[in-house]
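Chain lettering (A, B, C and D) follows the sequence in which the chains are written, and residue indices restart at 1 in each chain.
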Amino acid sequence: MAQNILQVENVKKYFKVGKKDLKAVDGVSFTLEKHKSLGIVGESGSGKSTLARLILGLIPPTEGDVYLLGKSIFKASKNEVKQLRREIQMVFQNPYLSLFPHMTIGSNIEEPLRLHNIGTKKTRKSVILNLMEQVGVPPQYYNSFPHELSGGQQQRVAIARALALKPQLIVFDEPVSSLDVSIQAQILNLLLELKRKTDLSYILIAHDLAVVEYVSDLIAVMYLGVFVEFASTEELLNEPLHPYTQTLLKSVPVIGGEIRDITISGEIPSPINPPSGCPFHPRCPYKKEICEMEKPILKELKQQHYVACHLY
Amino acid sequence: MLKYVVKRIGFIIIALFFVSLITFILIKSAPGNYVETERLLSQNVTDVTVPPEVKAAWEKAYHLDKPAWQQFLIFIANAARFEFGPSFQYPSTTIEKIIMRTFPISFRLAVMAIGLALIIGIPLGIIAAFKKDTIVDRIAILLSMIGTSLPNYVMAVFLIYILALELHLVPSIGWGEPKHYVLPVLSLAIGPIGSITRYMRASLVETLNREYIRVAWAKGGGFREVVLKHALRNSLIPLITVVGPQLAYLTVGTVFVENLFNIPGLGKFYATAAIYRDYPMVMGTTVFFATIVMLTNFIVDIIYGILDPRIRKRSMMEG
Amino acid sequence: MVENYNDVKTVNTFEIKERSYFSILWGRFKKNKMAVISLYFIIFLIVVAIVGPLVSPYHYTMMDYTALYQTPNAKHWMGTDDGGRDLATLIIYGLRNALIVGFGAGLVEVFIGILIGAIAGYLGGQVDNILMRFVDIMFALPSFLLNLVLVVVLGRSLFTILLAIGLTSWAGMARLVRGQVLTVKQLEYIEAAKALGASNLTIILRYVIPNSVGPIAVALSFNIPGAMMMESGLSLIGLGVMPPMPSWGGLIAQGSRWMLSYPHMVLFPAGAFALTILAFTFVGDGLRDAFDPKQSD
Amino acid sequence: MEYLLEVKDLKTHFYTKKGVIKSVNGISYGLKRGQTLSIVGESGSGKSVSVLSIMRLLPTYAKVDGEIIFEGNNLLNYDDRKMKKIRGNHISMIFQDPMSSLNPTVKIGQQIMEPLLWHHKASKREARQKAIQMLTEVGIPSAKERFDQYPFEFSGGMRQRVMIAMALISEPELLIADEPTTSLDVTVQAQILQLIRKIQERRGTSVILITHNLAVATMVSDYIVVMYGGRIVEKATTKEFLKNPLHPYTLGLLNSTPILKSRKSLNPIPGQPPDLRKLKDVGCPFAKRCSKKMPRCEVENPPEIKVSNTHNVYCWLYV
C-alpha cells in the first residue's frame, strides 16, 4: 500500500458566535496517499476553508486530530511542529493579502528559507530565481513589491513561496477564484506541471467542480461541515450517489449546454443553526423521515466510494 | 434593546463609581489638604488663626472628621442624590446650586455651537462631496482641517481680532445680551463645523459610491430620490455618533472660552475652583461633568440604534 | 510552460535598484507638498527651540520698565509685553515648553497605549475584557477633567504636566493598537507566516510591527499637537507651568487682556501656536497618505 | 425582426489625471426584441462600461460617443430628464453583487415599489400590490411578510430575486444583467438563470447579459458578443458561435475554460490582460498575446470580416 502523507481523524471546529456554536467543520475524516491530489468542493459556508486551516494546524480543532507523515500536528512539540511545517504549505485565495506587503517579491519567496535557516543570503538568491522561473515569474520582478504585480503574477509568487521549502503537501485554498479565465487556466496548468515534475501531493479547495476535476485524482464534496461524498474523480463524476452531488453536477454551466431543471431549492443553511439529522434534508428531493432525525455517516458503498446518505 | 440599555446603564454607573473613586483618591493625596488653610486660601485670607471650635465645625461640615472611606461613601451617597454640599470658596451656598446656576450657561453655549455647526457643516460637506476633487472641495477640506486642529481659544483670539477689533461687528467683551454670544459660540463652533463637514463629505462620497446608489440611479431616480432619500439618509444616521461626543466634549470645552471671554459658566467656576484648591467643588464638578458626558454618549447610541434597522432588529432578536 | 515576457513593465535590466519599504513610503509622503513643507517647518521649530535661548540677548525673566508694550521693532522683533519682556524670547521659551510637553506626553502615551493595547489584543479573553472596559472609561471621559485634577495633585512643573497629559490621553492609542493587533492577527499574510513556520515572536517583530507603525505614527502626529493644546489650555486657565516660566496658553491669556490696545501681544503667540499645530496636522495627513495601502505609486 | 436596441460605434473614454482610459473603443451590435444577447469578456474588456454607457450611469469624467438607438431614438441625444424616464422604466438593470445592491436601511418593499412610484405616479396601494405580486413571481415565499423586511434579513440568492422583481416591476422592454450570478453559489446560480429565462419567456423582455463565463453565455443567450481590450473581437448567434468560433481570443477563451467530464487539457492564453492606459489606438488589442500574430496586427486595425449575415469576426487571419 502506498504511504499515507496525511490522515485526518474526525476533526471538528466550532466557533463561538454569541452563545451559540458555529459548526464550521463537524467531523471530517480521510486519508491522502503520497503523490495524490485531492479536490474538496463546496459552496460558501460549507466549511472548506476552515478545514484547510485545520489541516495546516493553523487553528486548533475542537475535536479530532490531523497526522502529517504519521505525526500529530496538534500534539507535536514546538520543534517538531517547525520541522513538520517544512513538509506542508498553503496557498491562499487572495494572493495580494497573503504576501507580505512590506517586502519585495524576492524577500517574500526568501522568507521561508530565512525562517528555517536554509542557505546563505547568496545561495538563497539563486534558489529564489530558480523558483521564480519554475512558476513563471520573470526575474525582473525580483525587487518589485506585491502591489505592483497583477493578480495572476501574485498567485505565482505565492506558489513559489510555498514551494521554497520543498514540501511534500500543499493545500491550495481557492487559488484561482479571483483570477480571469485565461489566467486561471495558466495557474491550473502550473499545478499539473508541478505534480508531474515533482513528487508533490496537494489538496485543492474550490467551489468550481470543473476546476477541481481538472487537477484532482480524488474529489470530496463538502456540505455544512461534513463530507457527503468522497471518491475518485472519475467515479464521482460518472456515478454521483449523493443527491447534493447530483445537483451540483447538474448546476455546473457547460459550454453549449442547456439550463437544466434544478430539483433542489433554497440555499445552504447557516452553520449556526444547522438542520437536525442530515444537513441536506431541507433541500433534498428524496427526503425520508429518518433524514430529519439521524445524521448519516460516511459509508464505503463501493470500493473507495464513500457516501453519507440514508438512501443507501 | 432593553438588555442593551440595562447593560449600558450598568456600565455608566460602574464607570462613574470609578471616576469618583479615582478623583477622590487623587484629591485626598493632594498636598496641604487641611480644611482651615484650604478654606482660608480659597477665600484669599491667610493671616488669621482659626479657633479650634470653628475648625471642628468646619471639619464637620465637610465630613472631614470621619475616616476617608466613610467620607467617600458619604460623597457617593450624596452625589447619587445630586447633593455635593458646600464648597470651600462659597460656604454659604451648595455646589449643586452653583452647578444649577452656571451649567445652563455652558450648556447653552455648547448646544448653540453644535446647532450652528450642523447648519453650516452639513451643507458644506454635501457641496464638497459633490464637487469632489475640485478647487471647492480642496478649500473645504483645508478649512475643515484648520478648524478641527486649532483649539477653540486660539480661534477665539483670531475672531476677536478680526470681527471685534478690525471690523467692529460685535463687542469683544461683556456678558448678558444676545450679541455677547456671537464670538464665544463662533469660536466653539469652528471645530465641530470642521469635523461635521469632513465627516459629511467622507460619508457621502462613500455612500454615493455604493452599489445601491447606482441601483437607485438605474431605477430612474433623480437628485431628490437618490441623493436626498437614499444617500443622505444613510449618511445622516451615523452623523449623530459624531455629533454626540462633540456635544459632550464641548460642554467641558467651554472652560477655555468662558475664561477668555469672562463668561460666568460652570467651566469658569471649575477652573477657578481648581486654581484655589476648592476640593469639594473640583470633586463635585468633575463627577457632574463625567455624568453629563456619559449620558450624552449613551443617549446618542440609543438614538442610533433606533434609527438603524440593522441594529434595532438584531438587538430585538437577541434581547 | 507558456509564458510571455512582452508585457513586463518598463524594467529592462535584470538588476534593478534595491528598494526599501521606507523609500516607497517617503516617495508617497513627498507627493503631499503641504506635509513636506510642514515637516521642514517642524525641524526648523526644533532647531529654534534648542538654539534660540542660547543666542537670544534676552531672558524670559528680564523685565524692562523702559520698554513696556512696544510694538515690533529692530530691538524687539515681536515687541514687548506689559512687563517690558521681549515677546520673541517668551514665544521661543513657550515653543520649547510646548515641544517638550508635546513629544514627552506623546512618548508616555505611546508607551502606555502600546503596552495596554498589545496585551489586550494579543492575550484576548478575560484580560482583554477587563483592560478594554478600563479603556472605555478613560475614553468616555474628556481627558481634560482628569488632567486638571492630576495637575492640582501633582503640582505645576513642566514634567508633572507632561506626565499628567500622558497619563490621561493614552486610551485612544490603546484602542488603536488593540485594533491593529486584532486585524493583523487575522490577516492572511500572518496566517501565511504561521504556515511557513514563523514563531509568535518572529511574527510580531517581522510582520505585525512593520505593518502597524503606520497607524501609530499617524495617531502620534495628531496627538503631539493635542498634548500641546492641553498644556496651553491649562496655562490659559491658570493651571499650567508656574510663572514666570512662559507658556503659549499663558501668553495668550495675558495678551488677550491687552488686546484692545496692544493686539500684537496676543496675535504673535496665538499665531505661532496655530502654525505649529497646523504643521503637525499636515505632517499627520501626509503620513496617513503615505501609509494608505490604497495609494498607488 | 426589428432591433430594439442598436449600438453603433460606441466609444467610452475616461479622462483621468493619469491619462485617457479607452474602456470602450468603438463597438457596434444590435439586439432584437425578445432576445438575449450576452457580452463576454475578462476584467478590463469594457463589457460592464459598455452597458453603463447605455444607461449613462458613468462618472462625469467619462465621455460617451457614437449612437445608442433604442426604439428608434438615439439615447445619446437625450438630456438628463429624458434619460431619467428611460432608466428603470424602459431599461432596467441588475448588478453583480446582490449583497450590496440594496439600501440596508430601507425596507425591501419600499425599494421594489420605487420604480413605479417614481415613473408612473402610482398610488402606494397599487404599487404595494404589484410589488407583492412581483415578489411572488420571482419565487419569494410569503411575500406579504417579506415586503416589510430589511435587506439583511435576506440571503444572497433571495436578494438577487428581489433585484429582479425590482427591475421588472415597471415592465421594461430591456433588462440589462451585469454578472448577475457571479457572486452566487453554483446551485443558486442555476436557480437564478432559470428564473431569468422563465420570466423572459413569459414577458418577452429583451435581455443583455454581461458575463465572464462563456458557458453561462452559451446556455442562456441567442447572440454572443466577445469583447477584448475595449473592442469587439467576434460576434455571432450562439449557434454559429458554437459551431465555428474563429477569433484567436475566442478560441483561447474556449481552450481556457475547463469543461466538466470532458477530460480535455487546457491551453491557456499566455500573458496578462492588457493595461487599458497603455493600449494603442491602432492595431489589434489582442496582438500581444496572440499566437498567430502577424506584423500588420500591431500597426493596423483588424478589418471586419463577415462570415455570415449574423457572424462577424475582427481579425487579419481571415482576410
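As a convention for this text, contacts are C-beta pairs under 8 Å (C-beta built on N, C-alpha and C of every residue); 3 or more make two chains touch, one makes a residue touch a chain.
Everything numeric in this text was worked out from a predicted model, so none of it was measured.
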Result of counting contacting C-beta pairs for A-C and A-D, higher pair: A-D
Innermost chain, taking as reference the mean of every protein Cα atom displayed: C
Distance between the centres, which are taken as Cα means, of chain D and chain A, whole angstrom: 32
Chain centre separation in whole Å, for chain D relative to chain B (CA means): 53
Whole-Å gap between the CA centroids of chain A and chain C: 47
Sites on chain C at which at least two other chains make contact: 2-3
Touching two or more other chains - residue numbers and ranges from chain D: 268, 270, 272
Interface hub residues of chain B, defined as touching at least two other chains: none
Partner chain A, residues of chain D touching it in the complex: 42-43, 155-158, 185-191, 193-194, 197, 212-216, 218-220, 242, 252-261, 265-270, 272-273
Chain C residues touching chain B - in the complex, by the definition given at the top: 133, 136-137, 140-142, 144-146, 148-153, 155, 225, 229, 232-233, 236-239, 249, 252-253, 256, 259-260, 263, 266-267, 270, 273-274, 277-278, 280-282, 285
Touching residues on chain A, where the partner in the complex is chain C: 53, 56, 58, 81-82, 85-86, 88-90, 92-94, 97-104, 111-112, 115-116, 136, 138-145, 147-148, 158, 161, 165, 186, 189-190, 193
Residues of chain A touching chain D in the complex: 43-44, 150, 152-153, 180-186, 188-189, 207-211, 213-214, 237-238, 247-262, 264-265, 267-268
Sites on chain C touched by chain A in the complex: 1-3, 5, 8-9, 11-12, 14, 16-19, 21, 24, 187-189, 191-199, 202, 207, 210-211, 293, 296-297
